[in-house]
Each structure stands twice: as structure tokens, then as C-alpha cells.
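Dropping the structures in below, format is C-alpha cells.
Both complexes below contain chain A, partnered by chain B and then by chain C.
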Partner chain A sequence: MSGFANALASAAVVVTVAAVVALWRRRLRSILLALVVQGVGLGAVATLLAVHERDAGLVVVAALVLGVKAVLIPALLARVASASPDARESDPLVNVPASLVIAGLLTLVAFVAARPIVAIVGGPSGRLVPLGLATVLIGFFMMVARRRALSQIVGLLLVDNGVALTAFLVTSGVPVIVELGSSLDILFGVVVLRVLFARLSAIGVRDLDQLASLHD
Partner chain B sequence: MNATRLVAGALQLALVVLGGPLLLGLMRRVRSRLEGRDGPRITQPWRDLVKLATKQRVRPTESSWIFGLAPLVVVATAGAVAVLAPLATLAPPLANSTDFVAVIFTLLVGSVVLALAALDTGTAFGGMGASRALTIGALVEPALLVAVLALSLPLHSTNLVAIVADGARHAPVLVGPSHLLALGSFVVVILAESGRLPVDNPSTHLELTMIFEALILEYSGPDLALVTLGESMRLVIWLGLFANLAAPWGVAASGAGGFALGAAVLVAKVAVLGVAVTVFEVTTAKLRLFRLPELLAGGFILAVFGVVTGAVMR
Partner chain C sequence: MVFALFAAPLVAGLVALAAPWRRAVAWLGALAAGIVLALGIALAARVEASGPLNDGVLRVDALGAFMVIVIGAVSVLATVRSVSYLTDDVASGHSTRRHAARYSMLVQAFIATMLLAVVANNVGVLWVAIEATTVVTTFLVGHHRTPSALEASWKYIIICSVGIAIAFLGTVLVYLAGVHAHLASPLDLTTLVAHAGQLNAPVVRVAFTLLVLGYGTKAGLVPLFSWLPDAHGQAPAPVSALMSGVLLSVALSAILRLRVVAVGALGPTFPRVLVLVIGLATLVVAASMLLVQRDLKRMLAYSTMENMGIMTVAGAVGGPLALSGVLLHVLGHGLVKGVLFLDAGEVLRLEGTTRLGALGGLLARRPAVGGLFALGLAGLVGLPPFSLFLSELTMLRAEADAGLWWIAGDVLAVLAVVVAAMFAHARTMLLGPSDASTTSPVSFVVPLGLALGAAVWIGLVAWPLAHLIALAARVVA
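Moving on to the complex of A and B:
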């Protein structure tokens, strides 16, 4: 196996394992750290593809991914988390060991479901596509199974990172304009969610389940 | 099996037996220093063992033969693994059939027998310790099995000697994601199985938190010496196996000079790992018992990802 394939696989695995770590840890700070690591892994995937394809546009994409997903978004969320430094996901809907086993099962599902895509794309990057899909599924699961608003936002970001990883691997890198669009989209999404989150905190809501019924 | 291999195995055994208590001494010394104390000498555990060995043997009146047998089994299983596993040499006796799973589960026999002995005494602490130890054991085992599977994927073989030798020849395997994830899982397993923080605090007799100390609470004198020796040997073997899987260089292929070098490298690796574990222990707090499944499930999922990526990348 070539060095490129090995490095690409390592970076893609970092992205997926970071998603699992986000599901594993309870402290919101640790979850955000996992998000940073995932952003760096995604940036590494883009950089490796840029070097391999000798594509200057992809270098810009890699820088954009690193800047937005590894620095900007986690920094925005860290400001929310710093309001309550020891905040943790105290009472998730699905407990942590069960979540991890489910994450493992979702990964297997991703591998089975991605078989046709792997067959079409082929090559060293095609074989890694299931990891992108697994990240998406784990992100969805995190959105469903966690109560904290911040964890749910992280779940959304995991989905986005998973989609980005899949796109990179399937197309051997995406055009700058596409990545710019999706990155800005998610950035604005996070800004809006952050404002919403700050408003919710102001009225004393941290657990989104509290919003399910009306109060006086 | 020829004579050289037997000699190499015997030397490995001597190294592990001598080094076990010294490793404990080193770890306690480093811990004391990090906490601002001077601490006992590195040889102190050996002095304690000698003192215990000369004392009278006292056993609980209601205990059966299992209680007396357990210390022997702990030392014997650890000793057998010390002879057979590729720690300082790649040519231990029976090198062609050193199955990874067999090696690891021989080590685990010691844990199970100790739990049985703790139940045998019929005391509250013994039962509590046995229940906790077996719970952890049951959670560790899947992680361990899957990690072994991930480590043996590149070679399609669970022969431990072959895995270590292959790692030394093909460095890229060592930095591959599959190998690293399996090793990460192995770290969790080692911390849990050798009763270190954050799973168990080896330096406390606080009844609410102790696990391993609760198991051996009824042992005294020569029996306690044997149990302590066996446990320290197991720690050396766990760390030695981990070191040889993570960085399999310097393990002797053949010859007396090679073995001397291999032994020196093994001592250095285990000492470094022991210090690393101690530093980690100083900086971490014990996990609540009911949070342990989270840690061990994390170890399990790392191993699962190790297997998955290993399967993808071939």
C-alpha cells in the first residue's frame, strides 16, 4: 500500500473516530475538542488530496476547511461552553456504553450500504467512503440521543463533516466554490444556533426536552 | 524445541520475576516524587516480599483448597506466559505456536482464580471485590479479543511471535490507523486488567472503592507474597507485550549477545511505560464504578474501528 493511501486512510479514520469520541465523552469541552480534531482530520484529507491531485484550488479548500471547521466554529461554540465550564451531558437519552455499541453497528451499516459506491469510485479514496457515511450516521444519532442543545449542535456538525468527507473522497476533492458555499452555510447555521442557544440560556433552558410542552 | 530456546525462555522468566517488584518500586518512587515526597527505595517491594515470605502462614478457617491454590495459579500462569511470550527474544520455546489469544487468556486465568479465592473466604469484602473484578473482566474481554483480531489482521495469523517479528520488519504497519486504534484499546485493557487508575486505585484500602485490594484482603504472609509477586509479573508482561507490539525493535532474534541487548531494551521499554502509567495516574482521578462501562466500551469501540479500518485498507 502506498504512503498516500495510508496517510489518507489515517486522516479519514481520525474524522470518524473523532465522531465516536464526541459520543463517548460527557464533558462539553471534551466534545468540542473532538470537533477540533475532526476539523483537523478533514483538513488533512483535503490537503492530502490537493498534494496528490496537484490541484491549487484544493489547497484553498483545505485552508478553508481548517479555518472554518477546526478553528472558527469550535471557537464560537467554546464561548457558549465557557459560560458553564464544567457542563456535561449528564443524562443522555441513550446511555454512553449503549451509544458506543450503536455507533459500532451504524459503522457496519455504513460499510454494507456503501458497497455500490465503493465499487463505482474505486481506488484508495473510494474504499474510505464508508467512513464518511458512518460519520454522518453517528452525527444523526448524536442529534437524536443527546439532550443538551450544544451536543445536538455538535451532532449537526458531525453530519456536515461526514458529508464533506464523503464528498472529498468520492470526487477526489470538491471545487472551491462548492466548499465555500457549504462552509459558509454551516458557519451561518452555527452563528444562528449560537444566538438561539444564548437566548434559551437566558430564560434558563439547557435541555431541549423542556421545550416540548407549554409553560406559564 | 531445542536447548537454546529453553534457556532463552528461562532467562525471560528470571527477568520478569526479578523485574516485577522492581517495576512496582519504580512506579511508587516516581509517584512519590511527583507528589513531592521522597518515597521508598526501588528495592522496597522486594524487601517486603522477603519479609512476608518468612512469616507464618495464616488462612481463614472456613476457606477451602481454592484459597491456597490461587496464589500458586497466579504466579504459575504469569510464569508460563513469561517463558512463552516474545518479550526479550523472538525465539522463546514453542515459538511456532505462541497463540496471541492463548497467551492473553492464560494471563486472565490468574484473575479468575483470584476472584474465586476471594469468594471462597466468604467475607463481605471478598465477595464485593470478586463481583467487581469479574464485572470488569467481562467488560474487558470483548475489547481484548477484538483488539487481538485487529492486531493479527495484517498477517492473517494470531501467532504472537510472528506479529512482533513482522512489525519490526514492516514499520508502516505500526503507524497504520488499524494498529494504532488496536493499541489504544490495549491501553484501556491494561489499565483495567492490572488495576491501575482510573479503574482501581492500587494504593488504597478504602472499602467503598477498592477492587483488587478487596480480592486479596484475606491473604497474609507467604500467600500474600506470592499474589503480589504474581501481580507484578503480570504488570511487566502486559507492559512488555504492549511495548513489543507498539515498538517491536530490539527484540533479540538469536544469540547470547542479542538476548543481552533484547533484555536491556525490554527493561528500558517497560521502565518508560511504567513511568508513563504513573504520570498518567498522578494526573487522573478514579472513575466512579458505574462509569467504568463507559471507559471500557470506549476501549471496545476503538478496537472495533481498528478491525474495520484494517479490513478496509487491505
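Moving on to the complex of A and C:
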């Protein structure tokens, strides 16, 4: 394998491993650190592809991804963490060892499901597409298996990052205008979630189990 | 010309943001909605006369112009009612002027993002627009800041964000298929439709499935629909009217447009089966939830889901006749459901509850509120002379013509259950004795009455929309 292929594979692996770490750790600070690392890994994937394809537009996208996913979004969430320094996922629906086993199984599923896509993408990036899908699936799992409102936000961000990784790998990124729009949308989405989270905390709701007034 | 669409909501939104809130700010919002409606009619005339209008990544074809008219019409209704809604809310101390200003601004942003979604000719921009509708409506859903309202908005943004992430993956795969087929502009909807035959079929199959699931979340389709009754139940009435009346249809129109690409790449069978299964499942889930409803607003929300199911099934069958039925239904349902949600809002304001059991005797107690509800309900279940009668008949006829008798039969059976359930609920709520009788203000009766009148007009006379609907149906047939 060439240096480019090795570097790309390492960066993509960092993104997926960071998702597993976010699922594994209970302390909020560690989870946020995992998100930062994931953002950096994603930025590295974009940068590597930009250099390899000599694509100036992709350089802009890489900078944008780094700025939004590795700095802005974790910083927004860190303010929540600093409000409650030892915040942790107290009582997950699925315990940590079982979660890690499930994450392993989901990765296997991703490898099987990605086959038609891998077949037409090809090359060093095509082989890595399953890592993107695995990150998406781990994110979904985190959203259903954790009770804390903040864990749901993190799960959603894992899904978004997994989709972004897949996007970079299959097409070297969608055009800049779309990437710009989607990054902004996600940033606004996190701001909205952050404000909602604050409003929920203000009325004393921290576990989503406490939110059960609406049903048929 | 196309960009001019966004000017009025933009100005009204900025004014709401900058100026201290007054009644005039809310009226300005209604004026902006009126301008959107007028521009929609002008665009429709232009498209009918000289074909689609291109403007960069934006494009107004017959379907786009029709959807702009639908957005404009329901927005006028919702923003006009927002004036008294906000005035009452501020006067009673339920919201501060700042909240009212934020509400006015967000409603304009909501209208603008929906407009962008229906005139985008780029699947990436389409995605950005639909995602943006979620971001701007979340705070509208939670406007009242009660624990239930916050819960509803939390569920809304989390579930819709998941859906929209799935749709983004689908969009990326469409792009991949486009790049693989060496298309010049692989995100351009017109290009994708024209060259659908060259796209890699396995990738399009995965992409279309993801897109239907993803945008289906916003359209209230199975499986990610659980946000819908909560959000509609908790949002302020004019916002529920906008969401039920147009937002869901905007998401559905995105699915219909993408279906054309899928049919071109995969042949008719796979897209038809996928969309049909989701549509029928939505219909059955909605009908069974309607049977057990005890709350007025949630009942209306499930009825919206049921109507989305009917339209999705007809969209899956395809063909100009079915799609004409779908589009006529989009407009008729938008108007009638808008009226019903606004009426439910008035019920909540006057009676302090939307529990069906607690409302008995509404017709005798408040003849205008109860009477408009009864009329709206008659329209909703598809009684003539309302246009929903015609559109449902058209969709059923198209299904039967396509040889899919069993589908028409299924839909008809579910409709019978729904009608029975809605009438039973309406009887609980409307009938019964009451000692006092109060009248309602003109500002409530006139807009709702006019909207119901419009829903009758388009069914009976069809002028001037028949030609536009026929053209628009051909775009996605």
C-alpha cells in the first residue's frame, strides 16, 4: 500500500475508533474528547483526499470540517460539561461491555452492507467505506441505548460524522456548496439542541426517562 | 425572478427580529405570505405560458409553482391567524413580546426554507433546505416552553435529525451514482432525471431506499413518525397548521421527484413496491391510532398521517391521473387541515383543553367554532362538495385503472374505518346540551370560512388550477 492509502486508512480508523470510545466511556469529558479526536480524524481524511486529488475546493471543505466538527461543536457541548464537571451516563439501558460487543457486531454488519458501494468506488478509499457505515450504526445504537439527553446528542453527532466520512470516501466529498450548507445546518442543529437541553435542565429534566408525558 | 420569492419572508423576518414586537409586525408577516402566494400565481402563469424557469441551482417547473401556491395559501391562513394568536398570547401574559417577535421571525424563516425546498433543482440544496426546516421549526414547536412542549420539540429534532442524516447518506449515494455515470452535474435534478438510465442500479436502489426513509421521516411516514403527534399536539395552532398543511407535503414532493430518478434507473417495480409498502403501513398505523384518540390535536395529527399515507400510495402507483389526484389532495388537505388545526387552537384557548371527552356540547356552546370544525371535518373525510372528495376519487380511480384493485380496496377499507372513527370523536366533542351560547369574532370566522370556501371552489370549479395540476403531475408521473 502507498503512503497515501496507509494514511487515509489510519485517519478513517481513528474516526470509527473514536465512536467506539464515545460509546465506551461514561464521563462526559472523555466522550467530548472522543468527539474532538473524531473531528480531527475526519478533517485529516478530507485533507488527505484534497492533497491527493489536488482539489482546492476540498481544502476549504477540510478546513470547514475541522473548524465545525473538531472545535465549534465540542466547544458548544463543553459548556454543558463544565456546568456539571462530573456528569456521567449513570444508568445506560445497555451496559458497557454488552455495548462494546454490539458495536463489534454492527461493524461486521457495516462490512456486509457496504459491499455494493465498495464494488463501484474501488481504490484505497472504497475499501474504507464500511468504517463510515460502522460509525453511523454505532451512533444509532448510542441514541437508543443511552438515557441521558446529552448522550443522544453525541449519538446524533456520531451518525453525522459517519455519514460525512462515507461521503468523503465514496466521492471525495460532495461539492463545496452542499458541504457548506450541511455543516452550517448541523452547527445550527447543535445550537438548537444545546438551547433545548438548557431549557430542559432548567425544569429539572436530565434523564430522557423523565420525559414521558406525551403518549397515546 | 425565482430569488424574488424569498424577499418578502426575508424582509418580514428581519423586521420581526429588529423591531420591537407590535401587532403590525404580525400583520407584516401575513402580508409577506400574501406576496408569496401572489408570486406563486405569477410564476404558475409564466410556467404555463413559456415552460420552466431556471435560475442557477433553483428551478421553477409546474410542480414547483404549484407547491409555491400551496405554501403561500396555507401560510396566508396561518399568518393571518397568528396575528390574533400572538396578540392574545401577549395580552394574557403567556408570552413576552420577545417571544412573540421570535415566533414571527421563525415563521417567516420556516416559509422561506419550504420555498427553497420546492424550487431547489439540486438534490444537495434540497437536502439543506429540508434540514433547515427542522432547525427553524424546533423552537416553534416548543414555543410555550412547558415541559410537554419541550419534550415534543426534543423528540421532533432528534428523530427528524436521524431521518435527515439517513437522507444525506442517500443524497451522497445519488451523487456517487451520478459521478460514476460521468454526468456533468451529478447533483442536478434535471440532469439526473434525463440520464437516470445510465446510473448504477444497485447504488440507486440503496440510495432511493435511504432517501424515502429519510424524507419520509419529515413526511410523517412509517417507520420514523413518532415525533408527529407530539409535535402537532404541542405546537401553537398556526404552526401545526403550517406543518400539517404544507411541511409534510413538501417532504412528500421531494420523494415524488426522486422517485422519477429511481424509476428511470431501476424500472417501475422496486420504487413502486418500496413506496407502496411504506404508504400502506402508514395508512394502517394512522387509522388504528385514530380509533383510540382522546385528544383533538393528536387526532388531527394522525389524520394528517393517514392522508400522507393515501397520497404516498397513489404516488407509488404513479401515472398522470394518480399524481393529479395527489397534487389536488395536497392543496385541499392543506387548506382543510389548516382550518381544523386553527379551530383546535381556538378550542384550546377558549376551553382550556383539547381532550375530546371534556368538550361535549361545543356546537351549542360556541356555534362558530363548532360549526367550522364540523364543516372542516366533512371536508377532511372527503364529503362532496369539498375538493378532497374529487382527489380521493381520482386517486382510487387511478389505482383501479392500473389494475391494482386490491390496493384501491385496501385504501377504501381504511378510509371507511377512519371516517367512522372521526365521526364518533366529533360526536363526543360537538354534540350535547349546553346552557350558554357565545359568538366568535369576525377575525376568526372569516379567514377559516374563506379557506373552506377555497377548498370547495377548487373541487367544484377547478379553474384556474386544473391545467397547472395536469402539467405538474406530468413532471413526476
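What we mean here is this: the second predicted complex is superposed on the first by the 213 of 216 C-alpha atoms of A that agree within 3 Å, B and C clash if a C-alpha of one lies under 4 Å from a C-alpha of the other, contacts with A are read in each partner's own complex, and residues count from 1 in each chain.
Note that in this section a residue touches a chain if its C-beta (ideal position, glycine included) is under 8 Å from a C-beta of that chain, and two chains touch if they have at least 3 such contacts.
None of these values were measured; they are calculated from a predicted model.
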Fit-or-clash call for chain B and chain C when the two complexes are aligned on chain A: fit
Which superposed partner A:A56 touches (first chain B, second chain C, both, neither): neither
Which of chain B and chain C A:I117 touches, first, second, both or neither: second
First, second, both or neither for A:L200, with chain B first and chain C second: second
Partner chain in contact with A:V20 - chain B first, chain C second, else both or neither: first
Residues of chain A touched, compared between chain B and chain C (which is higher): C
Chain B versus chain C as contact partner of A:A167, first or second or both or neither: second
First, second, both or neither for A:Q152, with chain B first and chain C second: second
Chain C versus chain B - closest C-alpha approach in the superposed model, Å: 21
Overlapping contact positions on chain A, where the chain C interface meets the chain B interface: none
Touching residues on chain B, where the partner in the complex is chain A: 172, 175-177, 181, 293-294, 296-298, 300-302, 304-305, 308-309, 312-313
Residues of chain A touching chain C in the complex: 116-117, 119-121, 136, 140, 143, 149, 152, 156, 159-160, 163, 166-167, 170-171, 174-175, 177-178, 181-182, 185, 188-189, 192-193, 195-196, 199-200, 203, 205, 208, 211, 213-214, 216
Chain C - residues contacting chain A, complex: 57, 122, 124-125, 127-128, 131-132, 134-135, 138-139, 142, 145, 147-148, 150-155, 157-158, 161-162, 165, 168-169, 171-173, 175-176, 179-180, 187, 200, 202-203, 206, 229-230, 233-234, 289, 292-293, 298
Residues of chain A touching chain B in the complex: 1, 3, 5-6, 9-10, 13-14, 16-17, 20, 24, 26, 96-97, 100-101, 103-104, 107-108, 111, 127-128, 130-131
